[in-house]
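Here it is, the structure, as structure tokens.
Here the chain labels run A, B, C and D in written order, and each chain numbers its own residues starting at 1.
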Amino acid sequence: MPSIVLSLSCPDRPGIVHGMTGLLVAHGGNITESQQYGDPDTGRFFLRIEADIPGDIGALQGPVDELARQFDGHIDLTEANRPIKTVIMGSTTSHCLTDLLYLQRMGRLPIEVTRVVSNHDRLRPIADFYGAPYTHIPFSKDRRAEAEAELMGIVEDTGAELIVLARYMQVLSPELCHRMAGSIINIHHSFLPSFKGARPYQQAHDRGVKIIGATAHYVSEDLDEGPIIEQDVERVSHALSAADLQAIGENVERRVLARAVKWHAEGRVLRNGERTVVFP
Amino acid sequence: MPSIVLSLSCPDRPGIVHGMTGLLVAHGGNITESQQYGDPDTGRFFLRIEADIPGDIGALQGPVDELARQFDGHIDLTEANRPIKTVIMGSTTSHCLTDLLYLQRMGRLPIEVTRVVSNHDRLRPIADFYGAPYTHIPFSKDRRAEAEAELMGIVEDTGAELIVLARYMQVLSPELCHRMAGSIINIHHSFLPSFKGARPYQQAHDRGVKIIGATAHYVSEDLDEGPIIEQDVERVSHALSAADLQAIGENVERRVLARAVKWHAEGRVLRNGERTVVFP
Amino acid sequence: MPSIVLSLSCPDRPGIVHGMTGLLVAHGGNITESQQYGDPDTGRFFLRIEADIPGDIGALQGPVDELARQFDGHIDLTEANRPIKTVIMGSTTSHCLTDLLYLQRMGRLPIEVTRVVSNHDRLRPIADFYGAPYTHIPFSKDRRAEAEAELMGIVEDTGAELIVLARYMQVLSPELCHRMAGSIINIHHSFLPSFKGARPYQQAHDRGVKIIGATAHYVSEDLDEGPIIEQDVERVSHALSAADLQAIGENVERRVLARAVKWHAEGRVLRNGERTVVFP
Amino acid sequence: MPSIVLSLSCPDRPGIVHGMTGLLVAHGGNITESQQYGDPDTGRFFLRIEADIPGDIGALQGPVDELARQFDGHIDLTEANRPIKTVIMGSTTSHCLTDLLYLQRMGRLPIEVTRVVSNHDRLRPIADFYGAPYTHIPFSKDRRAEAEAELMGIVEDTGAELIVLARYMQVLSPELCHRMAGSIINIHHSFLPSFKGARPYQQAHDRGVKIIGATAHYVSEDLDEGPIIEQDVERVSHALSAADLQAIGENVERRVLARAVKWHAEGRVLRNGERTVVFP
């Protein structure tokens, strides 16, 4: 029996869960997982349901759209475990890219890597090893428009639904951020909102913090500012150099980014203004 | 508007959430929090709903009972934030008792401490300070029956719904465990199932573990074996003595026990055979 | 046999440990614990030694001073486990004060609380229960000088070596900070350098962070900026309100502050410019 | 200037550090890192020193041996950052092998992989990608002697100093364990001493633990029993299946094993009977 994921975001009011589950009951569905959250601050309601459904999933689309209209909200209906078409972007450091490709290969990440894109050519052997097509798009300030046009061409040609910035070291244009809003995930190498900007491990070292971290977030037009998806940390001590912090930090970065991509791909992350609702 | 908590446990089948939410919709209720889990191994389904309900809560009891019959399960209906009448038992160490009384006083734990019971008289000043009545029930092997009878008398007289063993160092009889099954929480001073039995910090030290922990669990007739509610850990090093591990461990114990008691009192812990479902 | 703690900070160069251990060998001492760190960035060297010494500790003072001159540094010589005379300051919230007094009572914190000082009278019963003398020093902007003079009078009269700001909500004057530099520990209710200033849990909630923390640091003249001693964190989720974050955060605050005070009192924290060296 | 690591283990007595540092001073050395520990239970003393030494390291060997005799102990003298010749063994799962090879390639692990050995042929492409020679040694009960002889031949031919069992699923013979004692590191997929033996994630799931972990340890003749080097954990919930626990656990396993191998290769792990002393 096929499985589906329904993700709903709408203004909170009585009857939403009852309506949604009624639709499933009417189609013979059986809920296998469900999580919900009503935000008292914003008055928004969020619901994620996984269900087994007999017969054709397509038949649900009409009733689901009707329900979305009725609740004045937005409902995503997708097949469960469908691999999300993903472009991964990197620059020169390989730890995040390697981990995403490895976990995808092992069946731990429900994504399909339609292209690895980099402004350098250094990561190509890794992509080759994991069988991911690789495109080198040189980047410089005076050819940013062409570079982004080429990137968007790849996104469109490959039907990519998600861009993952796996330590990609260039800033995307506001237009691109806006166009792919909610579909670009970045890993920032600090525990945001601490140590924004460049060289966060050096900053952390200079400040003498006892714990370092990493933050996966959706990219908004403000650099290092979009909605946070996941964070994690590790204890450190005075005895570690900035380079040591970086080596430890890279391990934190790759696990935080992998979790964020997994949860996004499984429809577990819903936008709530400048925050996220995560149903892990 | 009053708030309620509904906790359901029943065999899994389609339509449960729809039925439960339908009942709330029919009574004008609005769900503020809801979590559910279907266990594929046991085929059991678990649901916890918090909702605002206009009018008299009592009017819901009939329909709720009817629904429980229909789903062949068990539904608890209680007022949200109702303080759970609790007997806390201790022996000589004070860290868990002190923390529970402190957190209760601060409004952080929805319990009402109807009695502190101890087989020693040493903890009385702490109970006095926090205004909790204290009963010293001397315990020895040849008066176990009397001691337990006295304890059960207190439980009954004060209407206690929960017994918390806050480092109480005597074993309860199988009869008492059975009679209060699911209503006795113990803190074990190790990360179960490691280091059962006596002197777990010495055991942990001898084994050279790098992390120590504590476990809050429901008491079953097998000592140190009931369903686990919560665990937490802290890193340690070779340089720490067994006494150091104990000092660190006591901090872990008190926070693990406090969380377990809070979650139990809020109806967030449901029994699932030898395991628990926790909706934190 | 008495135990001593030697803490050394000086410019790094060959022979320091050899010189220090030579002094101990010459006096029949036996090292029971030793940690050291040379900071490649600042060229400073840090050493902490615990040793058993036969006979009179006072006889060591001369040779220790001589060694300090030779190394152009600073050496603290104290009896191990000597309780550090401490003034604890609070305002209205009790969790940090309660924990410090409790841990001191249990023999877990080598401090002697010479006075609890507050700008309110609300915490008096807690101090009374733990037998700590309490002074209420009303504070307002136009009597800051008198209030601080009264505080300094207490510090001097009781021989206090340490001031702990246990959620004390007033800013100390630059003069006082300067006078007691390295001897005032504050707990900040966020994971610094994130969320400085007021209402950090509300800030953390608004920013949607997935982990919250607390920071114990020495007080410098820049508010929320002195050298960090200890930090810790706890995972949180979107479902928690700012008030929930605060309740969880208070538990983090009290354990972070207790660790920082313990390590300071045991001579395990050495200043390294704007950073600390901690030998836990 | 070359750097060295000195690791000492001997009966505790006054003068050890003074003697060791005296030797370094006499040879113009400068200590850059030093950690020590005296075990009050066993009376053993442990010391690790990193130092810069002008001139030939070989000239130190004689005085070091003399000092070892004097202290009735054992001193290892090695060049700092010398890659430790290592044989990695795996079976069919790739996460630990992949991570070790990746981290070695990135300069994060001071090992030289002289051979990847497996009782299957499945991991060969990974070894090929990272340029590590691969030998498939089929294993069955009736050819265990030949298989181990072949393995020992590889160890000897390649001068391997360390064997890492990266989820190698066969039991080594007592003879081999004894011969390479202290030089075989295993990763056990549970938080030992919990859940020894097969299928620990299933066991953890059945027991309903709230935290899972992994343990890196030296291999002794008792399976799953040798001295623990490192452990780490991750929180889990009732909602995760045994397969989910395994996926999360694999991430814990690889980081625990990588840390243990790094610390061993850097001479930071000293045996202390059935325990270890780790100077991270």
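The rule is simple: contacts are C-beta pairs under 8 Å (C-beta built on N, C-alpha and C of every residue); 3 or more make two chains touch, one makes a residue touch a chain.
A quick map from chain label to UniProt name: A, B, C, D = Formyltetrahydrofolate deformylase.
Since we're looking at a predicted model, the values are computed, not measured.
Q: Which chains are shared contacts of subunit A and subunit D?
A: B, C
Q: Averaged over CA atoms, how far is the centre of subunit B from the centre of subunit C? Could you give it in whole Å?
A: 36
Q: Based only on mean CA positions, could you tell me how far subunit B sits from subunit D in angstrom?
A: Roughly 41 Å separates the two chain centres.
Q: When you check subunit D against every other chain, which residues touch at least two of them?
A: 33, 37, 40, 239, in rising order.
Q: Name the graph shape formed by the protein chains and their touching pairs; answer line, ring, star, complete or other.
A: Per interface graph, the chains form a complete graph.
Q: Please give the residue numbers of subunit D that touch subunit A in the complex, ascending.
A: 33, 94-95, 98, 102, 106, 108, 129, 239, 247, 251, 255
Q: What does subunit B use to touch subunit D in their complex?
A: Interface residues on the subunit B side: 37, 39-40, 191-195, 206-211, 213, 227-233, 237-239, 241, 272, 274-278.
Q: Looking at the complex, which residues from subunit D come into contact with subunit C?
A: Residues in contact with subunit C: 12-15, 17-18, 21-22, 24-25, 28-38, 40, 235.
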